[in-house]
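In the two complexes below, chain A is the common chain; its partner is chain B in one and chain C in the other.
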Partner chain A sequence: MSRFLFPRWSNLVLPTIILAALTIPVYAVFFVAYGFSPKTLEVGYQPKQPVPFSHALHAGELGMDCRYCHTSVEKAAHASVPPTQTCMNCHTQIRPQSPKLADVRESYETGLPVEWTRIHKLPDFAYFDHSAHVNRGIGCVSCHGRIDKMEVVYQKSALSMGWCLECHRNPDPNLRPVSEITNLAYDGATELTQTERDALKKKYHISPSEDCSTCHR
Partner chain B sequence: MTTLSHDSQLGQMSDNTVDRPGERAPLVLNMNTFGQVTATVCRVNEAEKAPTAWYIAFAGALGLLSVLGACIGYLIVTGVGVWGLNNPVMWAYDITNFVFWVGIGHAGTLISAILFLFRQKWRTGINRFAEAMTIFAVICAGTFPGIHVGRVWFAYWLFPIPNQMEMWPQFRSPLLWDVFAVSTYFTVSLLFWYTGMVPDLATLRDRAKGKLQQVGYGIFALGWRGSNRHWHRYERAYLILAALSTPLVLSVHSVVSFDFATSQLPGWHTTIFPPYFVAGAIFSGFAMVVTLAVPARELFGLKDLITLRHLDNMNKVILVTGCMVGYAYSMEFFIAWYSGAMYEKFAFINRAFGQYWWAYWIMVSCNVITPQLFWFKKIRTSIPIMFVLSLFVNVGMWFERFVIIVTSLANDFLPTSWDMFTPTWVDIGTMVGAFGLFFTLFLLFCRYLPMIAMAEVKTVMPQADPHGAGAGKHGHHGHEKGHH
Partner chain C sequence: MIPKPPRVLIFLGVLAGLAAIVPPAVIARVRATPDENRAVHMFFDMDFQPKFKTQAVNPLFADGRAQRYAVAGTVARGETDLDTHLHQGVVNGAWAESLPAGLEMTDAFLARGQQRFNIYCSVCHGYAGFGDGTVNKRAMELMANAEGPVYGTSWVQAKSLHDPVVREHQLGMLYNVVTNGIRNMAGYGAQIDLEDRWAIAAYVKALQLSQNASLQDVPTELRDNLKKGNLQNGEVK
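Right, the complex of A and B next:
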């Protein structure tokens, strides 16, 4: 009889299919979840900057307030990058001849800005306003990490939509009084009681929206 | 062997639509042996060449399929603006086609599952290709939600897949339930269809002459050898799948109706929708089975297996479900009046006498008046008339969805936001093209797979019953059990 029945080796096919059906999806899930995650792809981005400016020195050791340079953070969507003139407020007097500052002096003389490399990028379709956050008790450290300990700044957070939503769904651990906004060492999670946090929430009218149109306008 | 010769007389009775007391009307005509059944069904697949009509139909279907491909391609590269949608009519042909095709699918599941559990033996002649029709119709249906989302490359957002955006579909929305309902329906229907086909695929494998056919059918026959143990497991699996499919007949179109019923739009916000949609789905599905069965049995010489009695029974189902649909139409109007809600009242008066009055009256004449003709046995058993009537029902059921969706959206609460929907050529091309997809798949199925469940048909022949064969002759059929 000429009918086709499976040869003996095909007995291996079924266990292979079952094994593949079990392992491939697990592998694919892990691969996508970790390999494509902004936690893998974005966090730790630390480009070389044109000037070896140390946040650890300025914001950390010297204790300068973030707002001395990033002036618009409380008033505008963007926390502006300072112009060279801000640097020269001090550096005309302090270490005016330092070779590390050569590019800054050149920029000061020519009027062409220092071309800093931007680290924290949000896509154009995501609307984010610094002022809305810092004026309502979300400190710099919540998103940017301990800048005062970074010699060269790197991206601390994933800046993914899920990461935004985590805080919008539960802002409590990140709340602090507005007076402590730029205090990077302040930890609202340990220094505030829940009653105090609730009071802050009431005071700052905090009820973060999760609607699409909040960020995608 | 006197009993067998008696049965062969029964089998040769040309009109099996007559019911004689004490006798089972034969469901297989002009055949005395199982071999004849096998030969008749397999001949279609084993012929060197298909009938000329098949090639003509297949060329036409491929032509329409390419229209569908072109329209979808144009839609993807340009955007949903190529359709005639506007604000307020944000759903039109896309969702009309979706509901139409999902509805078509229902007859297959009803025949394969519910009629199986109720031991309706006449299902065996038509269940295979009704199930195939179900699967192809659901494929057509599934296309539309996929392409109407606008950015087709994000269509996977329909499914709740964990993602870094922590974004989920709205679990409270019937649109998500729809995704589950339709995909479950497709999976179960496919499994059911395939499971039932395994013994027949093995038959084709055993009869195949060419190596390609032997290996091809052999792989899909899963090594079926027809042993006792195989049959035992097969019967179990088939029964379980029938039980799983049965609730789906009711649930799928109920969930589809929730897409509308849970909204607050007058004309959609109606509690009658789930049963009304299910009845309409079965109505349209059976009409499509008749539309397909009539030419198929002519073309492939299957008249002795898909007999007039089968068609007569299906026409009765069309009559019953057609009455239900007509009842639902009138009940909608009654409730619109009885509720005292002025928007509700307006929606229905507008439906019948507004700018889409013609669509409404096409729907009513095709779905309510047409099936009433099936009260007459002459019409139920006339091949040309039932074919034409089944086409009317198909048209009517397409218009039913159009009327529900478009007239309700076009004129909602605020007259300032009213607008008129006019289809573009892409709308029409996509709608017509979907038939190309459906018929391409169906014609391929007819040519390469066993169109009739051979193994099951054999079980309803008198020859399959070692005890009851002679009982009918002596009028003892009802006391059969007493002899044992």
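Right, the complex of A and C next:
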């Protein structure tokens, strides 16, 4: 019986194992950081809505101001999604019999709300306030992206604590005059000089807080 | 020189290397394409608490609204509408000609009115009030469709605010139009705050004046400049 001899190439096994031991953890860390980040798990959430309502048409092409529908955004923490009556300001006369508006019509007749699927949702332990941002020169576009180009709304930002803090630590690039809040095409980073931004900061008394109790109350 | 390992092992090694590229590629694709299977919660922590936030759904009520309407007929403190001037724009049975007590015709008040007008009214009436807003234009196109109005569209041209009839409207009547609407125009009482509705009415008056001003309306010391065309935004260049 001949003795078993390891073939000569088995000398490669040890370096291979060392190489694997070095790369696999790096790979695993990368995989978790990249794949399990809120940018993968949350950004891009685009649920199907009961009515094919298009922001690209209403806010983009027709140029309607966000506040025509989201009336409470400057006054309250919550940006209200409009009631059916708001749609019916126009749609009792514009395409009233369109099949795309069937659910809106039904809601108008029965008084039951249209069941829009909620898109942006912070965990219930975090507190957010629209009016605090919108009245201090932070525009919708900084957090929601170019809504006026979306046929169907999707979540553009991670809404993670890191994302909130990134801006609270350095709000400068996102500042704009309050008159341009709903102008999504306006880009404070290019339209304003640093001196103008400093002036805005002073005018609106901006010094965002990093205290835990600001957002966890 | 170390001899080559068997083919199978090289093959498996290369395969593992290639397979390692797949997950990042999938993730990159997921990141680039919005869809409805998102907002994955790895750990629930206290993300969903048994409480109702604004505009949330509560299945216990037949209409699903967690936010309840006040029982019909209830009047909250400070929410009476007994001041006919403030709430209806009526003084002694006639349309009010002035602002109600507490509101003042200042630059800031008119600027507020302008901003609110541009948000709520300009889509139909146009920024200058000539009835040429984007929605009005689109709706008129739907009316002019060759095969008849699209899906039962029945649009009435949004009135020019410089129409002689509309120019006659008193401040109180304009406030009433904004609040309750008129004929084919819906009311905006639910969307716009009380004071802002008065601000809009005041701004409409200013807008009307701006299109129908005579030289006499201009302060004497500015008239010469105006004639030379040097007046901009109310200030001499």
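One rule holds in what follows: the second predicted complex is superposed on the first by the 196 of 217 C-alpha atoms of A that agree within 3 Å, B and C clash if a C-alpha of one lies under 4 Å from a C-alpha of the other, contacts with A are read in each partner's own complex, and residues count from 1 in each chain.
Here is the rule we go by: contacts are C-beta pairs under 8 Å (C-beta built on N, C-alpha and C of every residue); 3 or more make two chains touch, one makes a residue touch a chain.
Note that the structure is predicted; figures quoted are calculated from it, not measured.
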When both complexes are superposed, which of chain B and chain C contacts more residues belonging to chain A?
C
Applying the touch criterion given at the start, work out whether A:Phe6 contacts chain B, chain C, both or neither, answering first, second, both or neither.
first
In the overlay, answer first, second, both or neither for which of chain B and chain C A:Thr214 touches.
neither
Taking the superposition as given, does A:Asn89 touch the first partner, chain B, the second, chain C, both, or neither?
second
Thinking of the overlay built on chain A, is A:Asn170 touched by chain B (first), by chain C (second), by both, or by neither?
neither
With the touch criterion stated at the top, can you tell me which chain A residues are shared between the chain B interface and the chain C interface?
36, 39
Which of the residues in chain A come into contact with chain B in the complex?
1-6, 33, 36-39, 158, 160-163, 165-166
Which stretch or stretches of chain C touch chain A in the complex?
2-6, 20, 23-24, 27, 30-31, 33-36, 38-42, 45-49, 51, 53-55, 57, 63-65, 115, 118-120, 123, 134-135, 138-139, 142, 150-156, 184, 186, 188, 190-192
The residues of chain B that touch chain A in their complex are 162-167, 202, 205-206, 208, 214-215, 217-219, 223, 225
Sort out for me which residues of chain A touch chain C in the complex.
7-9, 11-12, 27, 30-31, 34-36, 39-48, 61-65, 67-68, 71, 76-78, 80-81, 83, 85-86, 88-90, 92-98, 111-113, 115, 121, 123-125, 154-155, 179
